[in-house]
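Here come two complexes built around subunit A, the first alongside subunit B, the second alongside subunit C.
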Partner chain A sequence: MKLGSMEYLQEVMKRSNADEKYRALAKGQFETYTLVLEAEPDKGVKEPVIVGFDCRDGEFVDIWQGAKPTLFTLSAPYGTWVDVLRGKLGATKAITMRKLKVQGPFLQLLKGGERVLHWVEILRTIPTEFEGDYAQYNIPGKAQH
Partner chain B sequence: MKAAIFRGAGHIEVTEVPTPEPMPGEVLVRVHYCGICGTDLEAYQTGMYEPGLVIGHEFAGEIVALGEGVQGWAIGERVTIDNALPCGRCWFCRQGRPSLCQELLSPGITLDGGMAEYVRLPVSLLHRLPQGVSTRQGALVEPLTIALHGVRSSALKPGDWALVLGAGPIGLLTLQCALLAGARQVLVVEVNPKRAAIARELGASYVLHPQRDNLAVEVAARTDGLGPDVVYVCTGAAPAFESALGLVRRGGQVFVLGLCPEPVPTDFMSVVLSELDIRGGYLGHGAFPAALDYLAQGRVRVDPLISHEIALEDVVEQGFEQMLRPDTEAIKVLVRIGGERSVKRKTGNGKRKT
Partner chain C sequence: MARISGAEALVRCLIEEGVQCVFGIPGDQCNPITDAIYRLGHEAGLKFITTRHEQAAAHMADAWARVTGQPGVCLGTVGPGVADLVPGVYAAWADSIPMIVLGAQNQTWRCYPEHGSMQALDQIALMTPITKWRALVNDVRRMPQLVQWAFRAATSGRPGPVYLDLPSNVLCDKVDTDEYPILSPQQYRAVTPPVADAQLVEQAAEMLVHAQWPLLHAGGGVLRAGAWPEFVELAEYLSAAVTTSVGARGVIPEDHRLCLIPSSFGALGAQATADVVLLVGGRMGDLDFWGRPPAWGEPSTQRWIQIDLEPQNIALNRPVDLALVGDAKATLRALLAAVKARTGPKPENPQFQDAREGQQAWFHQWEEGAHSDAVPIHPLRLMREVREFFPRQAICAVDGGTTAVWAFYMNRIYEPRSFLWAADSGHLGAGVPYAVGAKLARPDVPVYCITGDGSFGFNAMELETARREGAPIVVIIANDRAWGMIKGGQKLVYDERYIGVDFSDARYDKLAEALGCYGERITEPAQIRPALQRAADSGLPAVLDVIVDTEVHLVPPDLEVLDGLWMEGCEPPCPEE
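For the complex of A and B:
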C-alpha cells in the first residue's frame, strides 16, 4: 500500500482500532492530526503527502487526505517519516529533536509518548510502499486477519 | 455640549454636559471625528472604565480656544491627539519607556476623552494634522501609532516574513507598517471575508482562514517551511494566541498587540526549545510624527478601514451594539461629531472660536 493513500489510511484505522493496547493508551484523548510528509524532489518525492485523522477516546473515527484545521500538525521531510517507520529514528526523539515539527499542544503530545511509540509499531505492521528513492526501504508488514 | 458618558458595563449615555473650559497649558478642541476602539468595546462589556468618564481616545478636530500661557498653538489648527500622557518623572519615563509610566493618564480612559463635542487637553497631547490629512483620517492616527510602535519595537527586519493574526483595524495597520518596514511578504489570518478582502487590497500576500485552512501547513508552505520571523497577534481571540507559538519560526518572535481578557494556555516548552521571543506593545507614544508623515505621503491608507460613520446620538445602537454582533461587518466605526467643515471664526477674549 502506498504510504498516505486512502487504502493505507483505511488500514491504519482498521489496525489501530483493533489494537487493544493502543485503544487503552489513547483512551481519554480527543485529538485531530494532520501529518505533512514534505516533498523531496531530489529524492523522487515530487509532491507533499498530507493526511489527517480524527481520534476520539482511543478510536479512529475519520481519516482524510489533504489539509484541514486540526489540533496537531506534524511536519517533516518525507525521508524523516520513512526513518520513523523503519525504526531508524524514534518518533518521540524525532519530535524532541524537532526533526518532526509539531504545531499544537506540544506537551500533550509528549505526555502521550508511549501511545505514539506503540502507534508507530502498529504502522510498521502495514505493508508499505514508499516514493522515489525511498522505495528501497519498503516495509513488508504483517498480514492481519 | 453633547458627550458619550460611560455609566458602567453595557451602559453608555449620550447626554448634555457642561462644555469644559481650557485650564492653563490646555486647549479646547472641537471634535470632528472619534473612533470606537476595541478597548472601548472591552470596557463596554466589562465595565473597566470609571463611571462618569467621557469616552473616546481616537479623535481629531480643531482648536477653538487656548488656555492661559499656551504658546505655539493657534485657534483653528487641526489636530489629532496622543492618548498617552506620561508623567515624565518616573523611572520608566526617565528610561525612555513612557508607555510604562507609573502615573500614566489617558484621555478617554482615565481622563475625559473625545467622544464629545468639545474636549480640553494639555498641549503636550496635540499633533498638527499635515496638509492633505483630513480630521476623518486624523481620528485613525492613534491606532496607526499603535501598529507603528509595535512594528518598530518588534524584531522584524527587511527581508523577513511576517504573519498578522487578525485583520481588524490594528491588524490592517500592522500589515501596512510591516510592509513599510521591509517585510518580504506579510501573511494574514482572518475569518471575516470583508476584512480579508481589505487585507488583500492593502498588500497581504496571502489571507488564510483559521477554520478552513490548516495554518501550520499553509504558513509553512509560504515561508520555505521555516515559518514567519515575526507573528503579530492583533486580535483578542484566544485561539490566535495559542497558535502563534506554533506558527512562528524557531528563534522568531511573537509580538502581541491584541488584548485577550481571558487567560490563554501557553506552551512555554516551545518557547524554551525553540528559543522564542514573546513581546507586547502598548500605546503609540512617540510614533505620532512618523505616522502623520506616512499618512500625508499616502504610504499608509486608513480610509479602507472605515466601515461605518455614525452620529454621536447613535453611538450605542449603531456603534457598540453593532460591533458586538457576531456577524458584524464593522471594522472601524467612526463617530462624526463636528465633522470637518469651514468654520466661521469668532473670538471670545481674543482666544476663542465657536
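For the complex of A and C:
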C-alpha cells in the first residue's frame, strides 16, 4: 500500500480501531490531525502528501486526503516520516528535535503521549510502499491478528 | 609577634572558614600542610581524609560542597597529584560547585619556568580552563591574603572551583601574622548577597501576577544559593507549574502537586504552553533543550523572566523579556514580597490538569518494567526497589550512562541537596566518591549510590576509604558487563557493530569483600529488597552487584532523544543498508 493512499489510510483506520491498547490510551481524546509529508524532488518525491483523520474517544471515524482545518498539523520532509515508520527515528526524538514540526495544542498532544507512541507502533505493522528513492525501505508489514 | 609557617597559615585560614575535611593524597611537598592539619586540626575539628586517587578526593570535596553548601577542599601533591585532581575539578567546575583546590608545587626557584625538577608541571596552566580563579603563592607573606581571596572567589558570583599553587618552600617559610593576619570570613568576603534592582523586581512581580499559566524553572543556582524555600513558596502562591533542570532536582519534592518531572510529557507540555516563565539560576543548556521550541514556547508568544547572579548567564541560550541580576534567594524573597503586595494566592490554571495527565502517561510507561519479575532483572525493577527502600531524605549519588537514565525514571528526589550527579560534565566515576563525601558530610543521613559497572570501576578503590573512615554507603551496581550507553548507541545508530564496549564478568561483590566491605551479587528481583536490608544492617560500606537484563538496559526509552541532543547535526558515517 502506498504511503498516504486511501487504501493505506483505510488500513490505518482498521488497525487502529482494532487495537484495544490504542483505543484505551486514546479514550477521552477528541482530535483531528493533518499530516504533511513534504515533497523532496531530489529524492524522487515530487509532490507533497497531505492526509488527515478524525479520532474521537479512541476511535478513528474519518480519514481523508488533502488539506482541511484540523486541531493538529504535523509536518516533516517525506524522508523523516519514512525514518519514523521504519523505526530509525523515534517519534519523541522527531518532535523534540524539531525534525517533525507540530502545530496545535502541544500540551494536549503530550498529555496522552503514550497513545502517539503506540499509534506509531501500529503504523509500523502496515505493509507500506514509499515514493522515489525511499522505495528501497518499503515495509513488509505484519499480518493483523 | 606570631610567626608561623606558610602551611600553618594556610590551615589556620581553613579553620577560620569552618572547613572540616581536606580530601587528598599526601606527598613530600605537601607534608607541611598535612602536618599542620595533624597539629592543629584535632582541636578545630579539621580532618585530612586520604583517598586512593586524587580524582576521588576532588569528587569528595565536590560532594561535600553540594550537600552542605560550603566549599569543599581537596589537595594534591606536585605534578601527578595535581594532574590527577583534574577530572574531579572539571566535574565541579561544570556544575558551578565552590571548591578550594590546593596543589603543592616545587620550590619557587625551581618552577615557572621549571628546569629539570622531577614531577614539574605548570599547574596554573593545567587548572586554568576548569577553575574560575587561580594563584601562585610565591611568597609566604601573601599566604593569608590569597587563601582568603580563594574563598571569596569560590563563593562569590557564580560559584566554582579555585586553585592555589603552593611551592614547598613557601609552605615552610615563616610569616608574621600580626602583619599578615588570619582574618575571619566576614572581614574579607560579602556576607549579604546582592539583590536585583528593586524596580525590575516590581516589573517581574507585575508579569507574574498577570500571567495566566505561569511556570517556574529552577537551575542549579537555586540549590547553590539555598533558595528553594522562596522558590517553592512563590510557586505555591502563584499556583505555578514547577520544572527543574536535571541537575537541580530536589529543589521541590518530586511528588509535590506543582512539580513536573524534568523532560516528562507533562513538563514538556507545560514548558511549551506557559505564558510566562521565570527561570532562576540556570543556563538552559542541552539537557534543557536549549530553551528552544517545541520543548519551550516560541519567544514571540512566551515571556521570560530570568534571575541569575552571573550577568553572563542572562539570555545565554534563550532570549528573555526581563533580566534580574542578583542572588537567587535574596531576589526571590523580594519578588515574593512584591507579588504578595499585588495579589492574594492565585488559583491553578485548568491546563495544569492536562500537564498532570501528561506526567501520569509518562509514569505509566515505566510501570510494567518497574514491576517485572523477569530474570535477568529489568533495570526499572531495580530502581523502584532501591528508591522504595531508602527514606525520602536519603542522599543519592547517581553515576553511569544508561544506568543514570534508568535511575531517572524511577528514583524520585524529594529533598534539596540530596541528589548528586555530575550533570553538566556527565563525568563517569563520580558516584562512589560523591557518596563517600556526602556520607562524611552528613553522617546522620542514609547515602546510596546507583552506578553502572563501568562507572563503578573508575573509583572502586574508594570503598577502602569508606571502610577506613566509617562511611557506610550502599552502592548498587546495575551490571550489564559493558559501557552500556556507548554500546546502546552502537546498537541504535551503528547497526550493532560493537567495538570497545564489552567487559568480562567481574565479581564486584567479591571486590567489596576484599576491601573489608559487605558484598552480594543479585540475579533475581525478589532478592533485591532483602539484600538492601542486609547491606544496611551490615553497618559497612556495601556493594550490591545486580545483574540486569543487558538487552533492555542498553537502550533506555529516551536514549535516542539524548543521543539526538548530544549528536545534533551529525549523521553517522556508516553505509546505509
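Note that in this section the second predicted complex is superposed on the first by the 144 of 145 C-alpha atoms of A that agree within 3 Å, B and C clash if a C-alpha of one lies under 4 Å from a C-alpha of the other, contacts with A are read in each partner's own complex, and residues count from 1 in each chain.
Note that in this section a contact is a pair of C-beta atoms (placed from the backbone, for glycine too) under 8 Å apart; a residue touches a chain by one contact, two chains touch by 3 or more.
Everything quoted here is computed from the prediction, not taken from an experiment.
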Once chain A of both complexes is superposed, is A:114 in touch with subunit B (first), subunit C (second), both, or neither?
second
Which partner chains sit in contact with A:13 here, subunit B, subunit C, both or neither? Use first/second/both/neither.
neither
Check your understanding: Now for A:102: first (subunit B), second (subunit C), both, or neither, which partner does it touch?
Key -> both
| query | In the superposed arrangement, does A:67 touch subunit B (first), subunit C (second), both or neither? | reply | first
Query = Looking at the overlay, does A:85 come into contact with subunit B only (first), subunit C only (second), both, or neither?
reply = neither
Per the contact definition in the header, classify A:49: touching subunit B only (first), subunit C only (second), both, or neither.
neither
(request) Answer with first, second, both or neither: which of subunit B and subunit C does A:36 touch in the superposed model? (result) first
Applying the document's definition of touch, where does A:93 land relative to subunit B and subunit C: first, second, both, or neither? second
Going through subunit A, the residues touched by subunit B and also by subunit C turn out to be 96, 98, 101-102, 105-107, 110
Listed in rising order, subunit C residues that touch subunit A in their complex are 265-266, 268-270, 272-273, 289, 292-295, 351, 354-355, 357-358, 361-362, 364-365, 558, 560-561, 563-565, 568
Listed in rising order, the residues of subunit A that touch subunit B in the complex are 34, 36, 38, 50, 67-70, 73, 75, 96, 98, 101-107, 110
Interface with subunit C, subunit A side, in the complex: residues 89-90, 92-93, 95-98, 101-102, 105-115
In the complex, subunit B touches subunit A at residues 210-218, 220, 225, 243, 246-247, 250, 265, 267, 269-270, 273-274
